[in-house]
């Protein structure tokens, strides 16, 4: 268990969440892998995927009885990006043209797998939110938590069809949004976005330059007209 | 089961509204029915509602200001602005200067069949070439006709209203529409 | 007959039908009734497959996805300013309120804060969109259970609020007005006064609704005791907004988790109702609409002067990190979980919409109710299709 | 009674038949335009149809033409013969109602001695048509609507008849003309200036009659068979074009007929205070008076319709059997006692 302290440069101390973190790391024990705290904002806990159900149950008994949402993150970098010309960064002025650096780490609380599951819970009495994360292993299977939070039912179905995560013990893991014959998992990063693939980006067109062999000639023409006009453009 | 007051109150509300719609005038004129005045609806083809000045109806292009910088086209979330241009030589600004290279706009199309009316293009334009106007009557029977070229977009320029003054306490400066 | 005994009876019927068939001696078999996807009560394209025993629902299973637009995926290929265009269209009746949590989450990652004037105007527009949104609910609930007139009143008076929103933002439905670091523009002259008068009219509208529906015995007979959701069930399904508060849970993100908007500057209260039935949900929303007009009135008088935009770079790059931020939208808790990798656009956006959770309770709450009650419950849960399907 | 015109039997019959045929489209037109189009619009701060003809008066004719142009669709699974017959049955019931409605001393198609009985009987034929429509459409919504309609119309037929019983006892006749006469010649505490409209002595019966009529006409708050937002139109969900038009006309034609019945039985019908009951001039003025009274009653019917939400089916049945019928019975008993005592 590695318990990370808040970044040193952030001098703000969030006592409420610190206390919560201490309490939860005690009750979670071995199951807590890593944690991250943004003072006065949120608390992230990463738990072992084997004890996913138990961790949620622990959190619920610690007062986190309001179910926010359940979803997943695919940490792979999308091959096509935004389907735009990658050199363009939306800027006009020169000084803005620093290349975009893409951070390849896996977010708060770290992670060791491509897919991560996250659940957001609230404790109404303590007025505090909590985000629990877990890695989804190669077999893409994890225990369902719909018995603990009934609302997770649909969220798990959605995560299943969008990311292809299987929830062990979920009785109706049918697609929620997609037609039954749909193939693929749309929210995975390698799933292509057809609407952007079929149409070229209009921003890729650039202004037509003056052909070099004509440049001198055109310049002369313009200057001649300028002088004939008496210097007024 | 039903007790009278709630039910009768409800009847009162509808009757009152009917009265207000049919007899909106005050004083002795109350007796003259004037539903045209009392109704809140606008009889569209006969009378037209004036949208607020800031309403995002259609985008107007002030062509003289456009430098074909492509910024609007690139920041459009729908990829619905098509710009083509070429560079030309222009006379210098001052006596004795060198000839400048400027962008000449060949094509500026906005496909209103795709446009989501978000206004990002108008906002990013650094040269005040794009403006919103509240005009809304430009529907077409054919979807292809919704592609407005630069002449059509230029015609909308006449309908651009002046920018509004701000409430006291604002530090914004009122911009001017180039005419 | 008192409302309480009616309620008890309904609870009895519900428990009966949930466990056993009603027609024991005359097993007529179930009939499947598809409510939707094109049905006036589903205002949009929600489909509810009901197994009926006579007119009593045995199983109700919502089937959706008819309007799924994949906004989470689309946001991944867009820059942050471009995303707000999409986000407007999630809950299309209270669009401005949708933008706020997204922008606030991005601001949190960038560690910028909008100037106070921008925060106040944000709050005003937020509450205005709440009034516009809930006003339509107040009327629409009437039409769901057969009263024609309230919905016209709602459209009539909501239009005034939308006009006020349009006068500031330029868009009736899709304002796209919120920017990272502040707002697109300031409010025009004369707007404050106009909005005050509109708020007066909206309060009159609320009074009319009170007379027309809340006080109406038929309305009460239809709504009281129908679709009762106990607080612990509401919590475990993640119900939010008025649906949660109508179950007696005193939880409002505006008060309990204010992300820096001006709600703590004014005097208002959170309304709850202990019953948890359809009537309670209507009543709470009615009170909330009134409360929102009061919040707007107070905020309008105290807008601080100053700039409306913080210093942000011209090209917005959000530093790497994760943030979840939610606000109390008209429909309930709407939140955005943004994962950023330091790019121009978000790496992943999870949109937590209120209607999705609110509707997920339908199979639970609709066991054993009559077909007309299906409509009442759907109406009182109040969902927007774009908000479910995203 | 003297006759207005001494015409051969066949000519008289011809005129009456023509009038009766014309009356359903005309009356439904009047009601739809005045109440559905205009009054509802005003109650909702709107203008209503305004473009077709002066003040939109020709709107309904335009609508009718539109309906006639529409394709006549039968659902594939429908029982075609029953499906086609249903609107005709409903309309026939309305049509038959008009036979006994008096508009003057002689202005009546057929002055039946059992007029009230006949009116109640033919008005319930429409249930049959609605049930036929609901069943034959092969649509679950239509079926639910049809069955609801059957249950509801039968439940409300009873209070309707029982409410009328009070009037019949007081007037001592089943003849509608006789009821008008009884009201015209009646006295209130010795004052006969305005006769004795039964609304005064039979107010409870009037209320019950109006509530039951509201249910018979499937108007809100008793419109579950139609219930746009749950059953999407109920029994007539599958009907298009002129078949739907027939249902539509029948709905408003029946509303007119029930308003007429109410005004005959409770408001004194065509009689004008100060005239003799069999004054010939009443054949000319009577219809006008009747129309005024009918519109007044129709106004209340539609006012309620545009204001209230609808009840649930079980609540409606409960209301009929537990409230209306006992009240109507009490009314009969009270009327009987008063009749015997005074």
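A few remarks follow.
Letters A, B, C and D mark the chains as written, and numbering starts fresh at 1 in each.
Convention: contacts are C-beta pairs under 8 Å (C-beta built on N, C-alpha and C of every residue); 3 or more make two chains touch, one makes a residue touch a chain.
Because the structure is predicted, anything quoted here is derived from the model rather than measured.
Counting C-beta pairs in contact across A-B and across B-D gives the higher total for A-B.
Summarising the inter-chain layout, the chain whose CA centre lies farthest from the centre of chain B is D.
Chain B has its Cα centroid 35 Å from the Cα centroid of chain A.
Centre-to-centre, using mean CA coordinates, chain B is 52 Å away from chain D.
Taking each chain's centre as the average of its CA atoms, chain A and chain D sit 65 Å apart. One inter-chain figure worth recording: chain A and chain C are separated by 25 Å, centre to centre, where each centre is the mean of the chain's CA atoms. Contacts with at least two other chains are made by residues 90, 92 of chain A. Chain D has residues 43-46, 306-308 in contact with two or more other chains. Taken residue by residue, chain C touches two or more other chains at 78-79, 149, 153, 156, 212-213, 216, 218, 221, whereas all remaining positions touch fewer. Residues 31, 33, 39-41, 55, 142-149, 152-153, 156, 212-213, 216, 218-219, 221-222, 370-375 of chain C are the ones touching chain D in the complex. Partner chain B is touched in their complex by these residues of chain A: 84, 88, 90, 92, 199, 201-203, 205-210, 215, 218-219, 221-223, 225-226, 229, 231, 233. Residues 40, 43-46, 140-141, 144, 220-221, 223-224, 227-232, 305-315 of chain D are the ones touching chain C in the complex.
Chain C makes touch with chain B in their complex at residues 1, 78-79, 81-82, 84-86, 88, 117, 149, 153, 156, 159, 163, 166-172, 174, 176, 184-192, 208, 211-213, 215-218, 220-221, 303-308.
For chain B in complex with chain A, the residues that touch the partner chain are 68-71, 73-76, 79-93, 95, 99, 101, 103, 126.
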